[in-house]
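Both complexes shown next keep chain A, but they swap its partner, so chain B is in the first and chain C is in the second.
Moving on to the complex of A and B:
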């Protein structure tokens, strides 16, 4: 396997990051780092469909919240279930919704597809808001265990570790796609769908793979959220911030490579977190807006694009 | 010779407009067929129906002994039916090399079996194809760096990368200069010598007469003539369609 050394490097990097966290031993550091890593996962997931395949998904919150609420459901039914299993279930649920959405909407192109995904977010939010079992509009409480399983220490460390593991999986998948026939097929679809089809690319099948993977990973990113916030209501689970960030981070970092969402998430996520504690918790949203405008004008290929050779 | 393509009673409507009216067309294995007709006569629609970009309402298309009806465009390409587009449609963000890699990955390799090739063989194959159309020096450039004729050549090379049995060249020469037309003619004849059946849709009569072994004429969605090029261009009905009475 060609990808094995890369995966080992990723795991090593994740281990070093986690060890640093343990050494600093500050629970705020874990809370902040969790958010950044969550955005790497979310941005990379969005990029599989939006960056590689060229279908802009505005309905990020639908998939993210499906992951989060599937954890709420599991917490109510089988609270003893380990978190990684909940993440897996959340991913499968969101992936299935991704597959269904893809099947219904992928005959739509460009902006019409994007509007359909926006509608999906509204539909899912309405359904969840009216579903009493998961708390409806009141929201649901999820009690976090006091001590982290396996590793000991605060539970947030465990949440961070799970998200870090998820990040390794998602990045390895994204990079593997880029170097495979699948990635070339995605690019062909993005550049010219009719020409792709004429070159033998099964466009519908590939687009369904992209929506399923993208949706599934977004759901996985959302699954630990109830344990992170301990109180989840539709307004926070479906917050527009998730969608804006998931789109802005690959755009700012660079959409053509797996590195882009990492750069974007670390830069924007880190900056947001810094501003949240130094200036105000509202100004961090403004930052995304300003950065987006600057990058769309000055560096449409993102930060990674600035360093790639000029073709 | 046996027929590689067999179009039978093919009809296509757009709303109330009859674009194609029960077209009958047979193409022999290894033949070079010219397809001409005034603008709007249905040539491109016929190509789109044969290639699966559009689905015909009546009639059927048989290719290499198999019915193609209901198959999507990519399945037809995999069976050996390649086309070039009237306006070049390259994959803009990929190098010329990778433009050719896509059809190799998704046709030659997707057909599976012993013919599937690894990365090094793919690169070599792409270089060969680019060499054949004289673009090997620009293998790592992007399509936007190409001139019009180079774009047409890339379009043909990409169609060839799928290793087709039948190539449909949809107006690959429109807008090219005299010498450039000669280059493309030579290229099409060379491909044909390698065993590829060619259907050429063209307005440039000099090229049509030079390449075609047989000529079919579409006018307003109907085939009005089919035969030896010299006879067809003298056919009173064809003359009337082009020049009026």
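Moving on to the complex of A and C:
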């Protein structure tokens, strides 16, 4: 297995990060780090479709919220279910929605897929708002256990650990895709879909794999959210901030490799966390929007691209 | 007359009027997406900008909201030309419009929304005008002037724009750009200039559409998102770039939403557009009156 050393490195890095967190033992640090790691997962998930195949998904919030709300449903039905199972279920649900949307729209020009995902976010929000079981427009409360299972300490540490584990899985998947025939197929679609189809690349099948994986990982990223915020309503679960961040981070970091979303998420997520504390929460989202526009115009290959050119 | 039939007739009439407003909202995208192939998903943000211009003109200067928006159209026209110039230089010329161009407009949408929140807050804003709240009573049906006035002006805009595109030199050039840029260049016309004018026009219509929006309902900065799905559903269903098709699609959606709101509750209405969009894309992607 070629990927094994890489996965071991990732796990080691995650373990070191988590050990540092335990050593600092500050709950704010865990809350802030959770957000950054969540954006690494979200950004990488977006990048599997957006960066590798060139199809823009604007409906990040739809997939993310499907994951979050599937946790709310499971919490109401079987509260004792362990969090990783909930994450898995959320991922499967969001992946299926991704598959369905992709199947209906991906046979056409890519633009239609983007438009459909934009509308999808509104529709899923409408459904959730009208669904009383998960709280409807009023929102739902999720009681966070006081002590983390298995590892002890505050529960947010457990949430962070789960997100970190998810991050390892997503990054390993993204890197494995890049180096496999699947990744070459994705790149062929991005560069010239008609030529790819003519050379025997099963474009529709590959695109569907990408939307399903991408949507599924976004759902997984959203699944722990109810435990993180403890109160979830449609307005916050479907906040456009998630979509903007998930798109901005790979674009700013660089879309051609798995490193890009990490760079973008750490820089932009860290900056946002800093601005949220020092200035205001409205300004920090504005900064992401401005950075997104500046980078797509001035540095189309992102930060990773800037360094590659210099070499 | 039976009560439920009464309800049905009223729902259809108000859906028809709503459709006129939707036509005004979609007009800009029909030009930008249908004719120029510029996927301006930020269009609803420009419409909201128009709403807030009408709000300022109305609340601070006591102007009629539509008049205020009309005065602002030249500024919107210039804004549109500027936006297209940036889009052309940064994306279209590099042949990079599909991914980064879309992300660019998404960023613009988001920046506009957040800026509006920072300036005006998240409160709902509304305007005052003599025709808001009044009804035109026709016996069985009551026509709210709040919907009728935007409907009439929207229809004038559609007819005017259609005449402009088919009768004037610039209008025909815009249609030519949609068909074959290369041929236009061989006729010694500059396609970029023509597209800049057309995109300016597209954004100029957003000013008026914004005034209609704030007349029909109170406005807050994130409301624009609901219109992205609607607008693109209408333009795709109408057949890209066909104005009569767009009007038919807008009225269809208006009536469908109005019926849904009447019989299932207003909170379901936003889902209708998406359903129509998906069915159209799956069954007949070229739309009702597609080229």
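Following the convention adopted for this analysis, the second predicted complex is superposed on the first by the 308 of 311 C-alpha atoms of A that agree within 3 Å, B and C clash if a C-alpha of one lies under 4 Å from a C-alpha of the other, contacts with A are read in each partner's own complex, and residues count from 1 in each chain.
Simple rule for what comes next: a contact is a pair of C-beta atoms (placed from the backbone, for glycine too) under 8 Å apart; a residue touches a chain by one contact, two chains touch by 3 or more.
Just so we're clear, the structure is a prediction, and the values are computed from it rather than from any experiment.
Clash-free side-by-side placement of chain B and chain C is the outcome of superposition onto chain A. Judged by the touch definition given at the top, the superposed model places A:143 against neither chain B nor chain C. Look at A:19: by the touch rule set out above, it reaches neither chain B nor chain C. Once the two complexes are overlaid on the shared chain, A:197 sits against chain B while remaining clear of chain C. Comparing chain B with chain C, the partner in contact with more residues of chain A is C. In the superposition on chain A, A:181 makes contact with chain B only, not with chain C. Residue contacts after overlaying the shared chain place A:108 against chain C, while chain B stays out of touching range. Residue contacts after overlaying the shared chain place A:277 against neither chain B nor chain C. Our summary of the superposed model lists a minimum C-alpha distance of 11 Å between chain B and chain C. When the two complexes are superposed on chain A, none of the residues of chain A touches both chain B and chain C. Interface residues of chain C facing chain A in the complex, by the touch rule stated above, are 39, 41, 86, 90-91, 94, 96, 98-100, 102-104, 106-108, 110-111, 113-115, 117-118, 222, 225-226, 228-229, 232-233, 236, 265, 267-268, 270-271, 273-275, 277-278, 281-282, 285.
Across the complex, chain C is touched by residues 50, 54, 56, 58, 104-105, 108, 110-112, 114-116, 118-123, 125-127, 129-130, 137, 240, 244, 247-248, 251, 282-283, 285-286, 288-290, 292-293, 296-297, 300 of chain A. Within the complex, the chain A residues that touch chain B are 181, 184-185, 187-188, 190-192, 194-204, 256, 311.
Across the complex, chain A is touched by residues 51, 53, 72-75, 77-78, 82-83, 85, 89-94, 98, 101-103, 105-107, 109-110, 141-142, 158-159, 161-162 of chain B.
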